[in-house]
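My questions will all concern the structure given below.
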Amino acid sequence: MEVTILVQATDRSFEILEKARERSRQVLDTAARLTSESQAVHRKRVEAIFKGARQTKTEITRFTATFIILFGFWLLLSGHYDLFHISIGVLCCGLVSHATHDLLFANPRAGDMRVIVKRFITYIPWLFYQIVLSNMHVVRLALGPKNLIDPKIIEFKTKLESDISFVTLANSITLTPGTITLDIRDGVFYVHAVSKKTAEDLLTGEMEDRIAHIFMEADHVYVQDTLDIAPVFVELK
Amino acid sequence: MDVLYSSRPLWAVLVSMIAAFLILATGEKNRNIRESWTIMAAVAKFLIVFSMVPVILQGKVIEYTIVTFYPGLLLQFRIDAFGMLFGVIASSLWIATSFYSIGYVRGLNEHAQTRYFFAFAMCLSSTIGIAFSANLLTFLVFYEILTIATYPLVIHKESKEGIMGGRKYLAYTLTAGCVLLFAIAMIYHMTGTLDFKAGGFMADSGGSSAVLIMLFAMLIFGFGVKAGLMPMHEWLPTAMVAPTPVSALLHAVAVVKAGVFGCLRVILFVFGPGLLHDLGVWLIMAYIASFTIVVAGFLALGQDHLKRRLAFSTINNLAMIILGAALLTKSSMTGGIIHMANHAFMKITLFFCAGALHVKAHKDYVSQLDGIGRQMPLTMGAFAIAAIGLSGIPPMSGFISKWFLCLGALEANQIIFLFVFMTSAMLDVAFFFPIIYNSFFKKPLDDVTPHFDEAPMFMVIPLVITALLSIVFGIVPDAFFRFFSMTSLAVQNILGVG
Amino acid sequence: MKVIALIAVIMTGTLLIYGAGDMPDWGDPNSPANSYVSPRYILEATEKTATPNIVTAVLADYRSYDTMGETVVVFTAALGCVLMLRKKRNGEGG
Amino acid sequence: MIWQLDLILCLFIIICAIAAINVKDLLAAVIILGAYSFFMCLLWTEMGAVDVAFTEASVGAGVGTVLFIAAVSKTKRRSKD
Amino acid sequence: MLDYVISKYNFWIYIILMMIGLYAMIGKKNLVKKLIGMNIFQSAIILFYVSTGVKAGATVPILSGHGHGHGHEVIEVAKYINPLPHVLMLTAIVVSIATTGVAIATLILIYRKYNTLEEDEILMIRKETGV
Amino acid sequence: MSGVNDMMTKQSDDVIVKTVSRLLIPFMQIYALYVIAHGHYSPGGGFQGGVILGASIILLVITYGLDNALRKMSEKMHIIMCSTGAIIYAGIGVLCLILGGNFLDYAELDQILHVGIAQARSLGILGVEVGVGMTVMAAMISIFLDIVTGGLHSKEKNIQGKRA
Amino acid sequence: MAEQFAALIIVVPLIASLFVPVIGWWKKRLCYPWVVAVLIIPLISSLSILNTVMTTGKFSYRLAGWAPPWGIEYVLDHLSAFVLVIVSFISLMVAIYSKKSVQDNLPEKTVPFYTLFLLLVTGLMGIVITGDVFNLFVFLEISALSCYALIAIGEEGAPMAAFNYIIIGTIGACFYLLGIGYLYIATGSLNMADLANILPPLYDSKVILVAFAFFTVGLAVKAGLFPMHTWLPDAYCTAPSAVSALIAPLMTKVAAYVMIRLMFTVFQPHFSIEIVPVFTILGWLAVMAIVWGGIKALAQTDLKRMLVYVVVAEVGYIVIGVSVANRLGLTGAILHIMNDAVMMACLFLVTGAILYKTGTREIHQLSHLNKKMPFTMAAFTITALSMVGIPPACGFFSKWYLILGTIEAGQWFWAAALLCSSLINAVLFFRVIECAYLKPMEPAYAHDGGETIHEEIQRDEAPFTMLVPIVIMAAGVILLGIFSGKIISSVIQFAVPASF
């Protein structure tokens, strides 16, 4: 009896084990399948979002944004605010924004415009402050008794991603006296620095971080990656 | 002087021009039609010209203005007795030449016949234009057309000699044309008119004698080139490579006669006897002409080629005409002018004969002509008549002109020119009579028995007619065409005014 | 070539310097150029064409024909370049 | 008129003109020509010809230089004189 | 004398520029140099024109105020620079750029054919090929 | 595309140049249009505006390459546009002719515009300036493209068109 | 209405040329008929203008409705109306002619070709019609630019020729512009009639003298007068045949027209004659042009190149007529503008047709051409005779007046040069005629050979569109000669300034 029970129990346990193994295999298979599928699906969805963004939704917003910016520029230039001139302005701005809306906002990862502008404006005083600082430094270099001028080319890989942030960084570097951006190639900056201190200041990466902050780039990447992996976890649970 | 306004002179000029274009349009395909145009035009032209003769003989003048450019500068026809004389010669001889040409080109089966007839008609048209022109400008216009229209005839054979001859011809005549152009422009500048006036119009131009002499020299050079005056004669014998009717036309009727006509116009109607006498150039002129006469006569003696010999004879005779005019006396002028007509008829006969010999017997050289007279009696008979006439033997027309010329030399008290005329007559005899003698009386070199084998009728009839006419004119100088009346009328006009 | 150039240049220069002798003084408001035709442009252009920029008014209205010619000059130049340089699609390179 | 400015501009213009025709590197010559045009247009602005200066700045110094550079880039950069 | 020179200094400048340009157009062998000379030449002429229009103490020929209903204000002619030379020179500038464009196009054709832009070399090549 | 020097017709590698010009071009264009439209009040007009407009497109060609630039407007369109500008100019002139005035007499335009004569002239000037601007822009681009590609850009455009 | 014809004469070809790219974009074949149809309008309107001028005298047309010294005007007097007719007529003929030549040589460039063709014509007519010195400059540049481009697409060596032309032509145009500047600084006006009124008290001013010198040099460059002609032979010779048939007759003539216009209308004739010795210099230069052009032409074996040098000589003719500065000479010059335009057009058209048919322009390769292309060669012969100066073709009459003019001026050498030149022309053209009409020279002439040779030669006449203009031109050569008296009495004698 016990033996049969034992045997049965053993059989059952084997069955259970078999089932469990089967099950676990199925689960793993599904998980694997799901992961790859979901990745493909997701990729497609992301692409669709990007494409759609480029074609439909952002087209209009970009056009409008361009139009508003250009029209502001027009109003700034034109000193005549009668109906005739304003209507000419509307016409011209419409034409130009139709022709160039993909130029001004070419970056598909553009975040929230308002935030960017706000952050950019706050960035400017800081940059100005930096310029003054390094100006003084360079003056000291030039007029100082000791010959501290030690020009060299430094290169560093940036964590920035979009063109616009590249350019902002490069121009900020160039604007600060003592450093000049020579070239950007595949995300690597080649910068000419006039002394050791300027080079070190640059390599601390503060400027880079601030710019990444403006254009919401570094954290943006993390969120995206998390989102990409999420479906797999859900399935595994 | 009565002036009659009529468009007949224009038609006389145009008729052959129209015919020329009809010939061109008809082309090589329809020979008979093409040649009938020639004949019709020739006859029509003659009739038109001849219809005006009575009017002229009444002492009237026929005028027709084509266009006026400027005051005193116009294309105009005016027919006076002198022009009429030349017009009648040219138009009457064209009929003969047309018939003869047809025979000639068909006989030789020449190439480019259309071009030939075209150029021929154009030539005649411009010759009549020259004859009828009222002023130097019109004269020049037609003179240049004549130059160009003759060129295709000269080069007709397209052989090397022909082309070289053509080049030489053009070089001489076009240079002359340029000189003429300048001289005429100069005259217009000085006088404001170019109209021919019997007795000349340059007398009151007010130019200095040096300028006048220079102008005279230029004009005589310009026309003298065509007239074969001696230093400028070189082209004439070279142009002998042309077909014979062309040579006939060149030498007897159109081209050289146009030159002589121009010279006479210059001497008698532009400068006028009085002015020339005052300037003293007449004597120089006369000496040049005498030189030409004598030298050409001697050169002719040395030629073996029959046509070249005739060419030098032409130079000789033309110079005689010029000399007649240059002597500035009534008789000499009469002689010179009438000699234009007489020489035309006789010389054309001679050339026709030469052509007939060329076509039938293929003989071009004097030395080949032994005994040919028996083979072609009509031709050689005509030749003999014309040759005798040119030598100035009485019954023929040549006698009359020579008589007047000699008389003129006496009138001018220049015995030396009498000798010139005499020498010339001797030379004529010397280079013509051996031909006549040999052809009739000498045995041919090769022993082929000569048989009667005359040239085609188209050729023989014209030459017989012209030969007969030259006899008739010798006996009755005023027959048919009233050459003599016209001459005397012309001389009267010149001397009467001047 | 250099000699010819120098001669041409010197001749032109001499001529120009010669001509400069009778030129009105620089900035003279009463020189013929400034006092004959142009005052009327300054006086009436704005009123008649409602265009305060007199240069534009003269350019595009008083002398508009010139300006049309000038536009056509540009057009001509463009077409000239097309005519000279443009090749067909299957034309070989360079 | 500020004659000092005028004088300096004229000096620059002449220097640029002479340099432009004497530099052997054509690209440099063309750029100097652009500078010449630009100084020229400053001079004109200073003379009160704003329209002309504007046109020269856009046409002469702008498009003209671009066309020249295009031409030099399509052909040879070195010149013998 | 010095007064004379100074009172017309703009003419001297433009004469010098013109001579430089003309020299380059005729004397230089490189075709691009010729074109550069041409541009200098033309702008020298433009300088001449512009300086004919200058009035001492005058301002740019753009009336202040609004375009419409201007009648009651008095316009002083001496206050504004002569606009006509400017108008003419706008045309001349455009003509000069057009000429330059066409000339550069021919330049490229020449380069395609001869592979050089030196006049003497081109002449030599043409002589050799017998064209 | 052998023999074609790519320097000025291929997309630039330089991020800075590309981005800056990308940001600049719309402003350049609006400035150019402003210059054309306000030629009445301030220096400038059809030529200057047209040239700046043309320069903006030339900048586009240099930085973003010919293909991108030609996608917006084919080379044939440049010529058509060039002639259209001049036709606008001459057409206004002919319109004046038809309305009974002399050629280019803008005063006649008030018959259809129903404004004062001075205003009609002003509007005429504006219309003409627009024509000039168009012509000059198109011409400058066309000349530049012809020079820089040696006249071969139509070929590249064609391949591009087939791929799309 | 006749007033508005004046506007049409420029506006129609201008707008038409602007439409050519549009039409060509739509259908390329339509370019040719469009151009031909459009060019008829200027011809008609210029004829009607000539008629108006002849009946009612000169009139002007205010562009943009502004009064002359402020706005621009057209001035239509006898001279300009006359030259307009010439320009529009010849351009129409060449346009008709151009069909096959363009199809054959420039099939891919039809559209820009015809655009520039029309622009060139527009430019030339604009030069003739305008009454404003600066406007003349603008149109001078339109014609010059289109001309540069059209020349540059010619055969081997054309780009270099075009480039030289650009450089020298720009110097000429700039000198002209400088002349305008000097006149402007001295007078403040740009209108020709106005200038003519203002200038006389200023004649002793150095500025005016310099302006005159620059005008003369600039226009002499444009006209290709002797020492400034160096661009001309290469440029005209290497251009495509339809182009050279248009520019060779017209460009230099129009420049000569401008010269006459400036020297006798803007400046008083007595200024040009008495105060400046320019006419003596010009006259001698013209003599040199005639002699040099003739000699160089003699040295050529290429028919077109020969004609090009003849063009150089012909410019000398016109300039001689201008520089004798008397009524007859100027009559001759104006008459020669017309005659030479027609003759040159005809000769260049014939050359183009020969090139099109036989592929050669070498003179010695032209044998039997009279059989192959009888009408073309007949036209050539007539025109050649006219060039030589054989009446009643038109060349004789202009030569006649020119010689009268030189005699009246007492310039014997100039007269001699004219005469020599007709002799040189005779040599030149009879050389060609001999080659074309006669068999190649053989030592002896075979009697029976004649028939057989010309049987083999097939007639191979130029296409209809080429032949028609050629024949019309040749007929024109004769008709213009015959009616030259009429033309002079009804048009040219009014075109000569009254003070002569």
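Should a chain be cited, it is by its letter among A, B, C, D, E, F and G, assigned in written order, with residues numbered from 1 in that chain.
Keep this in mind: a residue touches a chain if its C-beta (ideal position, glycine included) is under 8 Å from a C-beta of that chain, and two chains touch if they have at least 3 such contacts.
Values in this document were obtained by computation on a predicted structure and should not be read as measured data.
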Original post:
Can you tell me the least number of steps between subunit C and subunit G, where a step is a move to a chain it touches?
Top reply: 1
Subject >> Of all other chains, the one whose Cα centre sits farthest from subunit F >> reply: B
Original post:
Looking at C-alpha means, what's the farthest chain from subunit C?
Top reply: B
Original post:
Higher C-beta contact count, C-F or E-F?
Top reply: C-F
Subject >> Chain closest to the assembly centre - both centres taken as Cα means >> reply: G
**OP:** Determine the centre-to-centre distance between subunit B and subunit G, using the mean Cα coordinates as centres, and give it in whole Å.
**Re:** 42
**OP:** Provide the C-alpha centroid distance between subunit C and subunit E, rounded to the nearest whole angstrom.
**Re:** 8
Original post:
Roughly how far is subunit D from subunit E, going centre to centre by Cα mean, in whole Å?
Top reply: 11
Original post:
Cα centroid separation between subunit B and subunit D, in whole Å?
Top reply: 78
Original post:
subunit G: which residues touch two or more other chains?
Top reply: 14, 18, 21, 63-64, 134, 138, 141, 145, 148-149, 152, 159, 184-185, 190
Original post:
Can you list the residues of subunit E that touch 2 or more other chains?
Top reply: 9, 22-23, 25-26, 29, 51-54, 56, 58, 60-62, 67-68, 84-86, 88, 90-91, 93-95, 97-99, 101-102, 104-109, 112
Original post:
Residues of subunit F touching subunit A in their complex?
Top reply: 13-16, 18-20, 22-23, 25-27, 29-31, 33-34, 37-38, 41, 72
**OP:** Please name which positions on subunit C make contact with subunit F in the complex.
**Re:** 47-53, 55-57, 59-61, 64-65, 67-68, 70-72, 74-75, 77-79, 81-82, 84-91, 93-94
**OP:** Would you mind writing out the residues of subunit C in touch with subunit E in their complex?
**Re:** 1-2, 4-6, 8-10, 12-13, 16-17, 20, 23, 25-29, 31, 33-34, 37-39, 41-43, 45-47, 50-55, 58-59, 63, 66-67, 69-70, 73-74, 76-78, 80-81, 84-85, 94
Subject >> In the complex, subunit F residues that touch subunit G >> reply: 76, 79-80, 82-83, 86-87, 90-91, 93-94, 97, 101-107
Subject >> subunit E residues touching subunit D - in the complex, by the definition given at the top >> reply: 9, 13, 16-17, 20-21, 23-24, 28-30, 32-33, 35-37, 39-40, 43, 46-47, 50-51, 53-54, 56, 58-62, 81, 85-86, 89-90, 93-94, 96-97, 100-101, 104, 107-108, 111, 116-118
